[in-house]
Amino acid sequence: MSIVNRVATALIAPLVAVVAAMVITSVVITVVGDSALEFWQIVLSAPADRAYVNIVNQATMIFLSALAAAIGFRMNLFNIGVEGQYTIAAYSAALFAGAAFLPGLLNVAVALLLAMAVGAFWAGIAGVLRVTRGVSEVISTIMLNAIGLTLVGYLLNTYGQQTGNARRTPVIEVESRLPGWTPFLERDGAVFNLVILAVLAGVGYSLLLNRTRFGFDLRATGFSESAATASGVNVRKMVVISMLLSGAIAGLVWMPALFGQAHSFGTSFQVGLGFIGIAVALLGRNRPLGIMFGALLFAFLNEQSNRLTLETDISQDIVQITQGVIVLAIVVAYEVVRRYRVAAERRNVSSRPEGDAKTPEESVPV
Amino acid sequence: MSLRTPERSGQGSAARALNILPLWLLIVVGALLAVSAVRVLTGTPEMNSRGTLSAAILATCPILMAAIGGLWSERAGVVNIGLEGQMILGTWGAAYFTYYYGPWVGILGAALLGAVGGALHALATVTFGVDHIVSGVAVNIIGLGGAKFLASAYFENLDGGGANQLTGLDSPTRFTVPGVSDVASDIAARGWFVISDLAAVVAALTTNMSLMTIAVFALVAATAWVLWKTPFGLRLRSCGENPQAAESLGVNVIRYKWIAVVTSGAFAGIGGGFLALVASSGFVNGQTGGRGFIGLAAMIFGNWRPGGILTGAFLFGYTDSLPLVQNSEQTVHALLLLLAAGLIGLALWNLRKGLKVSAAVLGAAGAGFLLLFLVTDRVPRDFTSMTPYVATLLVLAFASQRLRMPAADGQIYRKGSAG
Amino acid sequence: MNAEVAIEARDVTKRFPGVVANRDVNISIRAGTVHALVGENGAGKSTLMKILYGVQKQDEGTLSVNGREVSFGSPTDAIADGIGMVFQHFMLADNLTVAENVVLGSEKLHGIGDDAHAEIKRISDAYGFGLDPDALVERLGVGERQRVEILKVLYRGAQIIILDEPTAVLVPQEVDALFDNLRELKAEGHTILFISHKLDEVLAVADDITVMRRGTTVGETTPADTTKRQLAELMVGSELPSPQSEHTTVTDEVQLEVEDLTLHDERGRALLTDIDLTIHRGEVLGIAGVEGNGQAELVETIMGLRKPSTGRVVLRGKDMSSWSTRERRDAGIGYIPEDRQRHGLLLDAPLWENRILGHQTREPSVKGILINRAGARADTERIVDAYDVRTPSIDTLSAALSGGNQQKLVVGREMSGEPVLLIAAHPTRGVDIGAQAAIWDHIRDARREGLAVLLISADLDELIGLSDRIEVILRGCLVGGFDPQSVTPQDLGSAMTGGGEEAAS
C-alpha cells in the first residue's frame, strides 16, 4: 500500500469517530431541550490565553496517563488501575517532598523517582496476581483503585495537616517548586516545567517499543501470546515488567501539577485523570503521536466546557458523553479499517500473475 | 480378595456419614457453626443480627443483578465489563421513571436504560468485532457521563432533586410476615449459639422485606431455568462454548449474542434501579461505587453458575453492608478471626489433597489474619469501607485457578467461520 | 444400486476476494452409494462441500437434491433437505454433553429432555456407536467424537451424509471400523459423500470417484476403472514425487540426546514416559503416531515450553534441561511448529517483523539490544526469494498470505542462521505439492551439511521419504523403531495403534 493510502486509512477512523461524536452530542443536547448551536459556538471558539496554558498543562498529564495505559494495552494487558496508581504515587511524592529531607531540585528528582516506584509497586501487585494466580488484571486493578483511594483518604484524614476544613500534606518548600514558563501575562498562568517529562516519556516509549529487543518481545506478546512463548519470550516475566513500567509512568501523572501549582496533596488534587488516560490511549491506538493528539483534543474539550456552566444551561458533563462516544466510535472504526486493510492485502497478494512464479505450482522435481 | 477387617469397618459412622452428605450441605453447616462460634467468642452480635442480615440482603441484590447480567453475556461468549456503566444508567432510569410513574415503572425504566447500554456494547463487539474489554471501557465512560448529564438536565428542578441527585422517591412496597417475624426476631436477639443465628436469617427474610427483593430472586431462578432448561438457553450457551459448532447447526449466533448482551445490560440496569429505589433513598451521582465490577467478580467466583453467583454476591454484599452496621469497627475486627479460621480450614483441606504449596500460602495468610486479629482490637472505619474490594481480590486470588469459564468467552466471532 | 441422483451440482462457481475457489464444478452423486471426492489441499473440495451444506452460496451454477433444484441460505435449509455434514474439525462444544451437542439447533425434533435422550440411545445402539447421552464431550476420545458427529446428522434424519476428511485423525485399523459403519449406512439407504486425499482408502470403500484440481472437477471414475497412480496424476496434473533414497549422510556425532524423559500434567497423568532417543549430525529421525499420543508434548518439552518430571535433554553434550526456550533457540535449535498461526507467526505484523520472531537475540535481526531493521528486512527478502514465498512485499501482513506461503516463510526462517537441530512438526501441512517438494529439498540439503532433524508428521509418505530412522510413539512411549527403506504403511499403522506388539525394530 502506498504512503498516501496508508495515511488516509490511518486518518479515516479518527475523523469518522469525531464526526459521529459531534452528531450524537448535538442530538443529545437537542433532545434535552438546549441549543446545540450554542454548545458548538462556545466549544469551538478560540480559547483565551489562560485557556491555552491550561490546555497544555492538562494535555501533559492526560498524555502521561494515556502512555501508562498504552504500555499495558500493547501487551493486551488492561491496566485500568492508572487512577489508583497515580493517586497513591502523588500522595507519597507530596509527603516526601513536603518533608524536605533533601534540598532544592534534588528533592524534586528523588520525589519523582519515589512516585514512579510507588506507582510501579501498586501496578505490580496486579501483575503478580495475574501471573501467579491467574487473576484478571481488569478486575484486580479496579479493586486496587478503590483500595488505593480509600487508603490515601484514610492516611490524609489521620495524618494530614489541617487547614480550615480540609487536610493536606505538608507544603513543599519554595526551593523545590518549579516556576514554569509564562508565555502570556502573569495572570494567565504558567506552563508546567515538567511538560518535559511527557516529551521524554513519549520518546522513550517509542524507542523502547519499536527499536529494542525488549520492545519487540512486548509487542509480540501483544500480538500473539502463544507465538511469543514459542519464540522464547518469557511471558510471565513480560507481564510483570509491563505492569511495573505502566505503573511507573502512571506515578508521574500528577507530578507536573504538584511541583508547578499545587505544592501539596489535598483538595487541589485532580481526580479522574486515570480514566481519561485510558480513553485517550484507546483513541490514539496506543501510539505516542495519536495519544498526543487525543490528549490535546480531550484537554481542549474539557477546558472549553468550563464556559458552558457560566454562559449556558448546558451541563459540563455533556463533554464526557462526547468523549465516550468518540472512544467507542473510534475503536469500531479502527476495527473496520483493520479488516478492510487485511482484505485489501489479501486481494493484492492473490492478484500477482502466475508468470512471476519461480517454481510453477505444477512441476515437481523428481 | 481380602475381607474388610474389623478395624476398617469401625471407621466410625460419623466419618461414613460425612461421605454420604453432599459437599455443599457440609459447607453450609460448617460455615454456620463457624460464624456462630466466632460471634459468641468475640461478643459481636451485630455480625449476623437481623438488622445486619437485612442490610446485607439489600446490598446483595444490586451486585447479584450485575453478576447475573454478566452471566447472560459471558455465557454467550461476550465479556461485558461495561456492567458498571449500564448500572449507572439504570440508577438514572429508575429515578426518572419512578418520579413520574411510580416504582415499578421505574424498575422497567432502569432495565430499559441498562439495555441501551447493553446495546451499545453489543453493537461494538458483536456487530463490529471490537475487543470486548475495550468496548466495555468505552461503555462505562458513556454511562457515567450520560447519567451525570441527564441528571443535571432533568433533575435540577424537580422536588427533592438537584444537579446531582433525586431523592425522596417512592419505593416498592415492603411487607412483614406477621407472627413469624416477631418470634424469629425475638429468638435472634437472645444470642443463643446456632439457634439465634438461624432465627436471625428467618427474621431478616420475613421483616420489612421489599417485594423488589423477591422479584430479584425470582429473576435469578428464571435465569437458571431459561439458560439450562430451555432450547433458547441451550443455543445461547452454545454460542459461548463453540459458536462455530452452533453456526454449523443453523443457530443464528449473532442474534443470540445480541439478545444476551442487551439482556445483560438490562439486568445491570435493574441492579442500579434496586440500588436507587430500595437500597438507597434515590439517585445520587456515583452511588454505584464499583458494584458493577464487584458483580463481575461474583460471577467469576460463582464459576459462571447461578448457585455459585448467589453465594458470591451474598459474600460481597455482606462486606458491602458492613460500614453501615452499628459497631462496624468491632464487627469487622471479629470477622478477621472468621477469615483466619476459614483460610486455615482451606489450608488443611488442601494439605489433605496433597497440594502443599497452596496449603502453605493459605496457611500463612490465615496465620497473618489471626495475628492481625490478636494484635488489634478494631479496624478503622475507612478500612471497613474497603472490605468488599479486598474481599474480591482475596477471593479471586485464592480461587481463580479452579474455575472454568465458557470455552469461547471473549472470542471475537465472525459469521462464516464454521468449517 | 439405483440410478437416481441424490445430489447434483452443475457449473458451480464460487469466488472469494482474490481467488476463484470453485470454477465450473460438475458432480453427480448417485443415491445409495458411497461417492468419493478427491483432490489435494487447495483443490476446492472444502468450498464445494460448504456450498452443498449451505454454509456458503455459489455465485453461479445450480444445485439439485433428488432431482429438485435447491438454493440453500444456511445449513438449516440443507438439513431440511436431508443433508448432513460431518466436519473434519469436529464441531463439538467440550463443556456440553453428548445430548446437548446433538440436540442443538434441532430442539423441535425431540425436545431437549428424555425423548431426545431416548432417540440418541436408539441411534447409537442401532449402529453400534456406544455413546452415553449424558457424557461430557470433553471426556471422549477422537473416535467417539467422530461418532457423535455422525450421530448428529443421523438424529436430524439425514439421508445424504457428507464426510470431510474423516480419516485424517484415524489409523488404518480405526478407518476400517469407520468404513464398516459407512457400509451399514449405505445398506440402510443413505448416500455418502466422502472427501479425502488418501487414495488407498478411497479405492477401498467408494463406489464412484470424482477428482478435483485447482478449483474444478477434472475427472470421474470408479475404483474398478482406475489405479492409485492414475488418480494421483489426475489430482496433481503430472507425475508424483516418490520417496527419495540417497546415500546416507548420518554421522557418528550425537547432536541431540533425550534420556528417560517423563512428563506429567497437572492432574498427574503421564503424557510422556521414559523417552530415550538420539539424533546424530546429518540424520533425520521421524516420529510416527496418531495425533494426541505425545508428539506435541515431546516437541514442547525439547523446546523448553514444558518442564519434564524427570529426564534430561542434551544438545551437543550440554545438558539443556534447565535452559529457557530462548536459551535453547540461541544454542541453534530451529522450530517449525505444528500450528503456524498460533505458534509460528504474528498474524497482524508484517513479514519482516515475523522474520525476527524466534530470533530476537541473534543476527541479522538484532544488534546488541536494538532491533536491526535493515538486517531483518534484507534477510526477509532473501527468504522470500529462496523459498518462493508469494507476496507483493515484505511489508505485507502475514495474515494476508495463504497458508502454504505462511508455512514457507516459517520454514525459511527456521532454517536460517545455520541451526544445529531442526524440530519440524508437520512441516508441509497445508503446502501445495510443488512447495512441499522444495521444502523437502531444503531439508535434505541442510542434512547433507550436518543438520540433525526431529521430524513429526502424519504424512506417512513424508516420514518414509525423509527419515533415516522412524520411531513410533503411542500413549507417550516410544514403542518401536523402523527402517524407512523396508517398512510399509501397514506396519507403521499397526504399531501406531498398538496392534503389533511384535513390531520389528
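Just so it is clear, A, B and C label the chains in written order, and each chain counts residues from 1 on its own.
One rule holds for everything that comes next: a contact is a pair of C-beta atoms (placed from the backbone, for glycine too) under 8 Å apart; a residue touches a chain by one contact, two chains touch by 3 or more.
Everything numeric in this text was worked out from a predicted model, so none of it was measured.
Chain contact topology: the protein chains form a complete graph, every chain touching every other one. When the C-beta contacts at B-C and at A-B are tallied, the pair with the greater total is A-B.
Inter-chain spacing, taken between the CA centroids of chain B and chain C, is 45 Å. Annotation: 31 Å between the Cα-based centres of chain A and chain B. Not a single residue in chain C touches at least two other chains. Interface of chain A with chain C (complex): residues 210-217, 219-220, 223-224, 226-234, 338, 341-343, 345-352, 357-366. Chain B meets chain C in the complex at residues 229-231, 234-235, 237-238, 241-242, 244-251, 404, 406-407, 416, 418-419.
Only residues 81, 120, 123-124, 128-131, 133-135, 137-139, 141-146, 148-150, 152-154, 163, 289-290, 293, 296-297, 300, 380, 382-383, 385-386, 389-390, 392-393, 396-398, 400-401 of chain B touch chain A when the two sit together in their complex. Those residues of chain C that touch chain B in the complex are listed here as 46, 49-50, 53, 55-56, 74-76, 79, 85, 87, 89, 91-96, 100-101, 103-108, 112, 152, 164.
Looking at the complex, you find that chain A touches chain B at residues 28, 32-34, 78, 80, 129, 133-136, 138-140, 142-147, 150-151, 153-154, 157-158, 275, 278-279, 282, 315, 317-321, 323-325, 327-328, 331-332, 335-336, 339.
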